[in-house]
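Below: the structure, in structure tokens.
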């Protein structure tokens, strides 16, 4: 199912089914105009929940512990880490119902005409939890820390992501000017960074030792206590700057506690037995069980594939057998999605036609990605063997988590039915990251690419990029990526990324499997899961990078 | 009166040759086995025969698996995924990935029985030997060997096995057979200190008995005493613990499978079937329950026969 | 030697007088064992009586059932045992008692001294504890009184430095010393009947005499009945009032000790007497030997069980088992058709000698019965 | 040489061998530690990290460095780029959890297994004996993680008697602590019951055949007292040995239980450190468990002597 492309230290106990929290290292979710249809169901409406009653506590079951803590510029947060970060910190921008980015902690984020300069106006009257004020200098220091230009902080990933920033300057006490090397239409989405690019207080930024576990932000809850592998507790921020659409003071809850419960079956047990009253999971089999419980009213389930990730089999196009398109197509034809959906998803999965989930720009209902056709697959296998004189055999690399190994065996069977030979290599998490980085794999289970704007995938697919693990060198894709990045016209970008999507379908560099479903299940008396948008009551529908905790409330 | 050489057998026993009168010997019809009155005489009894037939059935099924008329254990069919036992043609139903549970359990028997018996055998032979030497010679040999046992024992067994398997049998080019061999060695290494220490403890108590001193007084060589005098007395205890060990190892392989370093999938073993099926406990518990019953019957039969065999050798009768 | 203070025992003193001097009466006792190869008839119809203060010697080769007999009377049998016949002790039918009731007799009314002192004491329990335990179980003495009684007991069995012994463990004592402790333990609650099951067999000769004297001394003081089980005639000769000779699960001859040695009737008893070495013999005298082996107890021979090895054997012996018949002196019973010292006996021997019967020749060469010492 | 000193040397030698063995083993593990910390950093930054952590030094040097720290009580720290995370902090929280879990599991197993062992030895071959052996093997055959999930679902969710996950320190709320440790302890203990029961049973059967048992019986001592006062002590040797050995297994197999019940014990720390190639942390954790194990087995040896004076005298 998922080959979690992940900052390994952030994942704990990933051997356990469902715990493979893909870090969803989607660096940024970027809006970019409309066009993204609102496909896929966006979970049960919370409308009939009645009048909000502030107070109370939510205990939220996470799928993994964030062992390395929350020193944001250096951290590589998975969804569990992001959920906690969104509790303590605010990001400068935040996606609205259509996946477009509106200012949040910033009162305004304006690009110049050619998108090479972005002016960020800092919201005034906001203080950090330690009482220090939020001003341009702190925002600048944060942005410099993220791009590796701040003494004392050494990010690895964000250097890479924000490498397009030339300079960050304080124009006046409440305004910051960011200059980019190359026009950057999606920069406002990068300021959200899937909820990772929160603003830290100066004290935490400069703390050489406890940056990871001394969390000071501006967010709805104040950090109270973190006992690794046990609980992370945060209490209501009484003078939080934000209010909801009706002007009520946020956050509604008095206290929120996050508990890592790695075994998904136990997370469900904890919810059913009342140990916790909220949890998240992306495991299809568990979600189908939760759906049953939702119908019977024991719990209330919110699920969504919008703006989510895609689960797929990544093929290494730089060496045999998958340097040959016939081999890639043969494997694609051999994969029977309906059987897979019945066995591994109990029928609730949606076939992925490309890397862009519903709601994302570039999403298409139809692409040339081959469907299930066993004869065609067998024919291609014979052709490949005549052409190369070699049997079509490859290795399938996966982690040891029980669910990923089950997928491996499914793929193995599908390939062998078509006449291929498959060796399943199960490795632990670290070895899998090495295999991806070094490219010593032929096929590897993977999950990635959440987020609304395709520009965010630039680094994964650009030729020569160190994180282009599939190592495909496709001039069209490279060209489309560059055009998409700097073309200001929204409609033009939709066409560009739809072409990109079709290109993937034709070349079968990866075999897209299904759009990953994320779900949040809560006790019946817990509401406000999707919360509200930055400027309107309509919530952002995606769950792939957690939920805005400020809007959670419990019937009192 | 013709000179008759004395036939020792006819000598009246002025001083007791053995403290037991012949009637005791006759009466000493066997220790106190697991079974009822009949087996007390070392006979098998109903349960004894059931155990033998079960073990024969399981072993035969495992050996003949390739030629038995059963499905391919790895054949994935969507229609039988998670089907309960008794669906047409699938006695035990289907597992989480739509494979026939019945054939997976038969094929699983190959790995589980192999791993269970061979690793315990390794532990019994090596561990037993070292334990015997340590308990008999004491002194420096004892110190060194106990130290060696402590080194292995202070390493949590599951983690030691996990590390050994990760180092020697994971990653590129590792075949399922190599993984099983390394598993046998890893679990064998893990059981050496356990059996070693138990044998040592038993040997300690036996070497204090007079008959060992007597044998030494008769000038027997140390090695002879150890193997001919002490070992037969220590063997019953080692034997019953080893049989217990088989049960523990078969189940431990399940734990390893859970950590991803058990029998290499898709090759089945009872342990990894349970590990794979654990998340289906709520709506299709049969995937876990059936292999557990199979393991239970096998280990019960093994230990039961172990008791009956032991009852034959153990000559004394409970005095209480 | 102070008599151990009368303990407060379940049975009041009155019980004793009322049943007169007769303490134990066993009638047709049979103890068979269920084994894979069939029923072992270890004790096959034995009847004996024992009066207070008297000692009965039980003699016979290994495997004749003498040990089983004593344990059967006490009821100390494993579950495979199947016992029939009546046992009356001080007027009470023991064989009809349930396990709890029987248990109240053990230690207080009757107790046993075992053969091997090395294994009769719990190796991991202090000597003191092993003695005071039976006091704790049967009497309501407090710890101090129990400890005093234990010390008195140890002194009564002539163990030096009793205080130190209390805290010691069995393996710290010599064989003889340990047997003294075993006796102390057995006598702790002042039993009326003591079974001594080959008490000295595992000890060296010098200590044997001391232990046997100790037993006699204790018997006289406590007016106790004793059943002394041994395979050694020498042990039994000087220390018992009556002797019963057992062979293959049955009593083949029983008489007051002096009568048995003087007027032996049973050929087996005569052979036993002849095989005891005597001081006056020259040092190299060959010991007389009883050829052959005791019979298989699962299906004993039809006629007299000693027939196969008896110098006097005749056809009748092989056909019909002789009953226990009374000899001249009252209380002297024997089980033989051609008894020793009778005409019938002599003729039978001549006939066998003439017929070159092997065991007959061997019997003639040895000296006759040993004098009662 | 006084026993204590000899024991201390034994501890040092064992510790040295264990940690050396770990160093060798971890050096052969596939996967590069730096990738676990900074997988996506550019090559020269990885080189710099490797330099900083001294990963390119030969194994003995790295081992020497760890050992010199460990001897002075410094357990070293996790390799990380964000600040400094000493291992001791994680161990400080995890050690009590593991110890509590192990103690509860051992006590539970022994409290059930000892009476069962004695009873089945006394009435060996009876229906009761067969019955209890039958159930014991039933429990042994079910892997502890499967039992854990069954317990969690049926007892935790359906009946709702016990909380399903999480750990509460005894100091905070002792009753809640016990309620949360109940199921994990049961899941861990159940597997041991069959083992302990069988061991005690076979030794008891042997002891019951000794003469001093008949002697005790002939003293009119009740069967119950004979079993518990006379037979149990000399036959508890093997049981004691195995219970002592089980420290390692319990912590090892506790990994599975800790993760299922979200108990932050040493087991999951160990597993976490091995799978994310944190060798320093892994070394220290194994060393700590080794110290605990050797100490405990020293206690077992002392108990030997207490239980069986012959051994005490033979050794002195």
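In order of appearance the chains are A, B, C and D, and numbering begins at 1 in each one.
Just so it is clear, contacts are C-beta pairs under 8 Å (C-beta built on N, C-alpha and C of every residue); 3 or more make two chains touch, one makes a residue touch a chain.
Fair warning: this is a prediction, and the values are worked out from it, not measured in the lab.
Considered apart from chain A, the assembly holds together by touching as one piece. Remark: the per-chain Cα centre closest to the mean position of all protein Cα atoms belongs to D.
Of all chain pairs in this entry, the one linked by the most C-beta contacts is B-D. The chain with its CA mean position farthest from that of chain C is A. Centre-to-centre, using mean CA coordinates, chain C is 55 Å away from chain D. The mean-CA centres of chain A and chain C are about 92 angstrom from one another, to the nearest whole unit. Each chain gets a centre from the mean of its Cα atoms; for chain B and chain C, those two points are 47 Å apart.
Chain B and chain D have Cα centroids separated by 22 Å. Each of the following residues of chain B touches two or more other chains: 37, 40, 166, 170-171, 258-259, 275, 278, 281-282, 317-319.
Multi-chain contact residues of chain D, defined as those touching 2 or more other chains: 30, 149, 153, 210-211, 214, 217, 271, 308, 310. Chain A has residues 15, 265, 427-428, 431 in contact with two or more other chains.
Across the interface of their complex, chain B is touched by residues 10, 13-14, 17-18, 21-22, 25-26, 28-30, 121-122, 124-127, 129-130, 133-134, 137-138, 140-146, 149-150, 153, 191, 194-195, 198-199, 202-203, 205-206, 208-211, 213-214, 217, 223, 226-227, 231, 237-238, 241-242, 245, 248-249, 251-253, 255-256, 267, 270-271, 274, 286, 289-290, 292-294, 297, 304, 308, 310-311, 314 of chain D. Put simply, chain D touches chain C in their complex at residues 210-212, 214-222, 225, 229-230, 233-234, 307-310, 313. Residues of chain B touching chain D in their complex: 31-37, 39-40, 47, 143, 146-148, 150-151, 153-160, 162-164, 166-167, 170-171, 193-194, 197-198, 201-202, 204-205, 208, 236-237, 240-241, 244, 247-248, 251-252, 254-255, 258-259, 271, 274-275, 278, 281-282, 288, 292-293, 295-296, 299-300, 303-304, 310, 314, 316-320. Residues 74-76, 78, 81, 96-98, 166, 170-174, 258-261, 264-266, 275-276, 278-283 of chain B touch chain A in their complex. Across the complex, chain A meets chain B through its residues 15, 17-18, 264-265, 285-286, 289, 338-339, 342-344, 395, 399-403, 405-406, 408-410, 412-413, 423-428, 431, 440.
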